[in-house]
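Sending over a structure as C-alpha cells; questions will come in a sec.
Per-chain numbering from 1; labels A, B, C and D assigned in written order.
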Amino acid sequence: MGKGRLEAFSDGVIAIIITIMVLEMKVPHATDLAALAELVPVFLSYVLSFIYVGIYWNNHHHLLHVSHRVDGRVLWANLHLLFWLSLFPFATGWMGENHFAALPTAAYGVVLLAASIAFFILQRAIIRVNGGAESELAGALGKDFAGKISPVLYAAAIPLAFYNQWISDALYVLVAAIWFIPDRRIEKVISA
Amino acid sequence: MGKGRLEAFSDGVIAIIITIMVLEMKVPHATDLAALAELVPVFLSYVLSFIYVGIYWNNHHHLLHVSHRVDGRVLWANLHLLFWLSLFPFATGWMGENHFAALPTAAYGVVLLAASIAFFILQRAIIRVNGGAESELAGALGKDFAGKISPVLYAAAIPLAFYNQWISDALYVLVAAIWFIPDRRIEKVISA
Amino acid sequence: MGKGRLEAFSDGVIAIIITIMVLEMKVPHATDLAALAELVPVFLSYVLSFIYVGIYWNNHHHLLHVSHRVDGRVLWANLHLLFWLSLFPFATGWMGENHFAALPTAAYGVVLLAASIAFFILQRAIIRVNGGAESELAGALGKDFAGKISPVLYAAAIPLAFYNQWISDALYVLVAAIWFIPDRRIEKVISA
Amino acid sequence: MGKGRLEAFSDGVIAIIITIMVLEMKVPHATDLAALAELVPVFLSYVLSFIYVGIYWNNHHHLLHVSHRVDGRVLWANLHLLFWLSLFPFATGWMGENHFAALPTAAYGVVLLAASIAFFILQRAIIRVNGGAESELAGALGKDFAGKISPVLYAAAIPLAFYNQWISDALYVLVAAIWFIPDRRIEKVISA
C-alpha cells in the first residue's frame, strides 16, 4: 500500500484546517480601531493555532518521509490524528472569542493533549510496520524529547486553567517554542 | 486515461467534506459546561460521520489501488459517489442539532444508503473497465460481505427511525463497526 | 514549466467549489417534512451546479491530459476559468434560495456563459503553446459541438429568464445533457 | 527533504484561500438589481484579491520550480507566507463590505505588505539552501523589480488611505498590474 495518497489526503485535511480557522475571525461591521481591537484575542489564538498546525504538518511530513510502508492500522491512526486536529478551529474560536476564559482554555488543552497522544499512536503504528522497535526509525524517534514533554505540559495546563488561565496559555506558547526549536536541530543532525 | 487526477480530486473533495462537517459544531457564546453539554449530540454525530467518511476514503483508496484503468463511466460514477458524500455535512448537522430526532435520523440513513449504492456502482464501473466479471479484481471484491449487508441495514434503519430512532442510530454504529473490522482482515489476507 | 502543479491547484480549487456549494443548503431548525420541502429548490440548483462543475472538471482533465506544455498565458487563462467557476456557489445559492426567480436565473446564466468563454480561451491558450492551429490537439478539439452550442444557448437563456425563467432553467439542463452525452462518445473514439 | 509535499500543501492552502474569499460575497435575500448593486464593492475587492492570490500562486510556482532543495527554514518561511495569505479573505471582506473605507483599505495594505515581505524572506531562505548569493537562482531573482517596488508602494498606500483611500486602492491595482506584466516578460527570457 502506497503512502502517497495518505500524504496527499493528510495535506488536504491539514490545509483546510489551517485555513478555515481564519473564518472564526469574523469580519466586523464597524471600520474603526475599536473593531480591530475587539479581534485581538481571536487573532492571537489564531496565530497560536496556526503555529501548532504548522508544527503538526512539519512533524507529519518528517514522520512519513522516513517511513517506507503504511498499513490499515497506520491509515486509521492517521485519521485519528486528523480527527483531533479538525477540532482546532472549534477550540481556537471558542478560546479566542471568549478572551481566553478558563473553560475554553482548558478545552483547548484537551484538544492539544489528544492530538499529541494521537501523534504518538501514529508514530508507534508507523514504527511497527517499518521494522519495529529495533529499526532505524525507532532509533531516530527515540530521543523525541518534545514529544515526551508536551503531553505532560498539556496535562498540567488543563487543570491550571481553572486556577489561572494565563499559566495555561503560557504553557501552550512554551510547548510551541519547544517544538519549533529542536525541529531545526534534528534537521541539522540529519543533513550532517 | 490516468487515475492519478481522479484520486487527487477525490482526496480533495473527501478532505473538504470531512473537515467542513466540523463547522456544524458552532462555537458557543457561553463558557460554561452547559454550553459544552449542548454540543454533545452534534459532537457524537460528527464522530460517527467522521468514521463513515474515513471508511469511504479507505475503501476508495483500496478500490483505486487495485484498479489499473479508468474511463468516463468511472469518472461519473466517482462524481456520483462524491455527490452523496457531500451531503454528509448537511445530514450530520441536521441529525446532531436536533438531538437525533426521527426524520433527520431517517434522512441520515437515506444519505448512507445512497452513498453505499453509489460505491457499488463505482465498483461495477471499475470492474467493467479492468477486465470484467472474470477478472482478479471482481474476485477480490466478490466476497464483499460488508458491502452487501450495509444497504440492507440502512434500508431497515430508515423506516425504523419513525418507530424508535435509537434503533436506527444503533444500526448506523453497527455498520460502521462491520466496515471497520473486516477492512483490517482483508488487508492481512492481501499482505499474506 | 510543468503542468502537474497546474492540475493539482485546479483540482484543489474545483474540489473546494463543488463542496462549499453544499453549504448554501442550510441545516433547518425544524425536523418535519415541510422543512425538507423548503430545501427542494436549493437542492435542485445544487444538483445542477454539481453536474456542471463535474463537467468542467472532466473537460479540464481531458484538456490538460492531451496537453504537453503550459506557459504563463495558460496559467492565467486557467485562473480566469477558476474565477468564474468560483462564482458558482454564489449563483447557485442565489437562484435556489429564491426559487428560480428571474434575475437570479439570468445571473446564473451569466456565470455559465462567462465560464464557457473562459474555457474556450483556455483551450486557445493551450493549443497555442502545444503546436498551434495545425496541431493534433487543435484537430481533436475542432469538432467541439458542445463547446460551440453552449455559449449560444446560455446567451439565449439570459434574456429569456425575464420572459419565463423556466425556459432558461430548461436550457441549462439541456446544455448539461449535451455535455454529458458526447463526452462519452468522444472517449469511445479515443479508445478506438 | 523533498519539495513535492511543500508544493502540494501550499497549493491546497492557496486553493482554499482563493475559494473561501468568495464566501464573503453573501447571497442576498432580495432578487432585484439593487441587491446585486449592493455587492459591487465586495465583488471588486474579491476580483482584486483573486488576482493577488493568483499572482502569489504563480510566483510561488516559479520560485519552487527553480529550487532543487528545501530545508526546515524554507518550510517555516513558507508557512509564514501562507499565514499572511490566509488573512486575505478577512481583509478583502472587511474592505469590500465597508465600501473601501479608510481603515479597512489601510489594513488591506498591511496584509499585502506583510505578504510581500514574507515572500522576500521565503526567496532568501530558498536561495540560501540552493547555493547562496552566488547561485544561478540568486542571479535570476536579482533583477526582481516588481518584488522591490511592491513593498514601497504598499508602505506608501497604508498612510495615504487616511488621506484619500482611492489613492491607496489605485496603488493596489497598479502593483497588481506591475506583477502581471513582467511575469510574462521573464518567462519569454526563460524560454529563449
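The rule is simple: a residue touches a chain if its C-beta (ideal position, glycine included) is under 8 Å from a C-beta of that chain, and two chains touch if they have at least 3 such contacts.
What you see is a predicted model; the values in this text were computed from it and never measured.
*Asks:* I'd like the angle of the rotation relating subunit A and subunit D after CA superposition, in degrees, nearest 5.
*Replies:* Superposing subunit A on subunit D takes a rotation of 90 degrees, nearest 5.
*Asks:* Does the subunit C and subunit D pair touch with the same residues on each side or with different residues, judged by whether over half of the numbers are shared?
*Replies:* Here the answer is different, because the shared fraction of interface numbers falls below one half.
*Asks:* Need the CA-centroid distance for the pair subunit A / subunit B, whole Å please.
*Replies:* 27
*Asks:* For subunit A and subunit C, what's the span in angstrom between their mean Cα positions?
*Replies:* So the centroids are 38 Å from each other.
*Asks:* Where in subunit C do residues touch at least two different other chains?
*Replies:* Residues 8, 12, 15-16, 20, 23 of subunit C touch two or more partner chains.
*Asks:* Using the touch definition up top, name the residues of subunit D that touch subunit A in the complex.
*Replies:* Interface residues on subunit D, with respect to subunit A: 1-2, 5, 8-9, 12-13, 15-17, 20, 23-24, 71-73, 75-76, 79, 82-83, 86-87, 89-90, 93-94, 97-98, 101-104, 107.
*Asks:* Quick one: which bits of subunit B touch subunit A in the complex? Just the residue numbers, please.
*Replies:* Against subunit A, subunit B makes touches at 7-8, 11-12, 14-16, 18-20, 22-23, 25, 27-29, 31-33, 36, 47, 50, 54, 57-58, 61, 65, 180, 183-184, 187, 191.
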